[in-house]
Amino acid sequence: MEMISAKNVSKTFVLHNQNGVELPVLHRAALSVNAGECVILHGHSGSGKSTFLRSLYGNYKIDSGAICIRYGEQDNERIDLVKATPRQIVQLRQQTLGYVSQFLSVIPRVSAIDVVMEPLLSKGVSYEECYQKAAHLLTRLNVPEHLWQLAPATFSGGEQQRVNIARGFIMDYPILLLDEPTASLDKTNSEVVIDLIQQAKNKGAAIVGIFHDSYAREAVADRLHTMNSKEV
Amino acid sequence: MSGTYNYGYLDESTKRMIRRTILKAIAIPGYQVPFGGREMPMPYGWGTGGIQLTATLISPEDTLKVIDQGADDTTNAVSIRQFFCKVANAKTTEVTADATIIQTRHRIPETPLTEDQILVYQVPIPEPMRFIEPSEVETKTMHALEEYGVMRVKLYEDIARFGQIATSYDYPVIVNDRYLTNPSPIPKFDNPKMHMNPALQLFGAGREKRIHAIPPYTKVESLDFDDHPFEIQQWDESCAICGCQDSFLDEVVIDEEGNRTFICSDTDYCRLNLEKQGKESVDFVAFQKQQSGAE
Amino acid sequence: MLHLDEKPILEVKDVSKLYAENKGCQQVSFELYAGEVLGIVGESGSGKSTLLKLLSGQLASDNGEVLYIDREANLHSLFEMPISDQRKLLRTEWGVVHQHPSDGLRMNISAGGNIGERLMAIGERHYGDIREESIEWMASVELAADRVDDKPSQFSGGMQQRLQIAKNLVTKPRLVFMDEPTGGLDVSVQAKFLDLLRRLVIELKVAVIFVTHDLGVARLLADRLLVMRHSQVVEQGLTDQILDDPQHAYTQLLVSSIVR
């Protein structure tokens, strides 16, 4: 089942306060991802991988084209992000679209385990169930229990990223977008993340990722999608 | 009657204006109606509101009783009575049952009133929420929208601070299930008397220029909480003069050593009780001498 | 399952109030859904506070309409409803948290009395119950129960703000308006306060419209943003999209001015 169908996606950044400098990044990009497959965005630095990924999440606004996301099993249960209202995108992100950013955005005072639980809690799942799942994930990702009640601001980069990953995987998102999830991790923890990705795939998730880490890339990729910035 | 004054001191058009105000006040029980208060020959704070009401209502057929703190013989009561004798050639009395108009400061007579009587209260500050909300515009709006939460907050604060509602006089009431009213500084002991009273009750505030009314047989409820219900004051003692146990008692000092005793605040009621017991009425000064002599 | 036919609880249509040319707000339109947090950002003079006052019934508009659907699914037109209904709405389904706590609290009434006032206004008559509920709400905003009889004048600024929130939440409102909620707070206190707000919004599913000039606060709290400049809305959309990929020149300027 096709979960993501992006067609003719173009985006040019216009920096109004710098003399209107224009930075064309995406030109007629296209992507199709099915359930259960993991597609890696591939291309050199500046080729628009991150921009494309963020556009799939609705974080970046595209100038033209369509990004259709499937949210249900029926044929007509798809929505074009470009035409969706902000409210609809919020709902999509709650139920369908998951995103693991490259760095954890640190919110002061919120404990690591609260950070991980939040996406599930805001869906109305009971505190006990959320806590259990969060604890399980953090344990898997080798985040020691004595850190769970602390705010991640003082954690190392790797620890923060593992909290970020746990948060991204606490829900079974039908679509997962991963931006360099193993960048700051050692081998052991990278293996855990690879495991998590495999698990998600087996559950039918459609995954789009950016990996500079070739080991991880090879372990999870079903296919590579090359970003061609020379596409004109 | 002095030839220089109109009957009742006020001119006829003023009386007409005040009568209209009274009618409006009766039509909206508990609502403060503004009126064109006149300068009276005594300063604000001496009962000018009540006096203007009495002056408007009084006629040669009326009999006037004036009390202050329940007594007919205090300075203010005497002065006001003399005033109406001068400007209206009024018939006056100290017997509650014989009066048609009773002007009062700070008490309601113990003797139950009848449909033929009018009780005129002297009111210093007619707005019950003034102490919490200084703005007149805001209190007017609160009355219009029936937003009385703030009054209950005051009672809440009392209980939080003192363990009970500390207000013992000027206790706020809701009239006719609608308006929050200041009953004037009568002790809360008297509040129940306002409820379903056969007499017409009129309230005059001279300085603030407001009149409000409680028509006969109107529901008057004192504010309270379900778990802190309204209660009236009670005494262990009884009146030292007439022996009565159900009236409001004043604590008075009877000699220079500071010895005290309790007597009825309502002098006419005390006299009535003595009469029922076949005793002579007692002059308080004599009573004092008697008490201190007995020590 | 997407709720594509979800109805907004608040519809703002072409609302304007101008004091002078480009002073105030004009032609503002948006929808707000249950549990959503909308941030209105802009610099001083942009009109954001005017807009907030308009929406919360504290100011009359020049034109436009604001439609609100209450708990019983009745539709109200804010500018046309009688003032008594408006005030009632403000006491029951809506809340207003002022920038200065002294505007939203009775400073010489105890904390318990402040919180209990709304309960008493909607007809609660049991002193013991009212007091208990006040204490519960104080706990939910992390105020110690033994301060229930203290006056707000004895509280710190942060505590006063939290008391203001408790006072508003006691009637379980569906929509709360906040004007610079962290405005008067020290930075160290802000974090605690924002954390509390976030949790309460998630737990109680209350919709919030707040005004701030602080983009950090906006990113933390808001689902969506309205960016205002010189009385007009120059851009609106998802918070992360506005802040990460601003389209309008002014928004880009604002975002680039944040010191990270």
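Letters are used for the chains, namely A, B and C, taken in the order the chains are written, and counting of residues starts over at 1 for each.
In this text, a contact is a pair of C-beta atoms (placed from the backbone, for glycine too) under 8 Å apart; a residue touches a chain by one contact, two chains touch by 3 or more.
Since we're looking at a predicted model, the values are computed, not measured.
Q: Counting only chain pairs that touch, give me the topology of the graph as line, ring, star, complete or other.
A: It is a line, because the chains touch in a row without closing up.
Q: Suppose every chain is reduced to the average of its Cα atoms; which one is closest to the average of all protein Cα atoms?
A: So the chain nearest the centre of the shown protein is C.
Q: Could you please state the distance in Å, as a whole number, between where the Cα atoms of chain B are centred and where those of chain C are centred?
A: 48
Q: Quick one: chain A and chain B, Cα centre-to-centre, how many Å?
A: Measuring from centre to centre gives 77 Å for this pair.
Q: Roughly how many whole angstrom separate the Cα centroids of chain A and chain C?
A: The answer is 31 Å.
Q: Sort out for me which residues of chain A touch chain C in the complex.
A: That would be residues 14-17, 54, 58-61, 71-72, 77, 79, 86-92, 95, 107-110, 118, 121-122 of chain A.
Q: Which residues, counting only chain B, touch chain C once they are in their complex?
A: Those residues of chain B that touch chain C are 132, 144-145, 147-150, 152-153, 156-157, 159-161, 225-228.
Q: Considering the complex alone, what residue numbers of chain C touch chain B?
A: So the residues of chain C touching chain B come out as 83-84, 87-88, 106, 109-110, 112-113, 116-118, 120-121, 125-128, 130-131, 148-149.
Q: Along chain C, where are the residues that touch chain A in the complex?
A: 1-4, 6, 31, 33, 36, 191-192, 194-195, 198, 202, 220, 223-224, 236-238, 240-241, 244-245, 247-249, 252-253, 256
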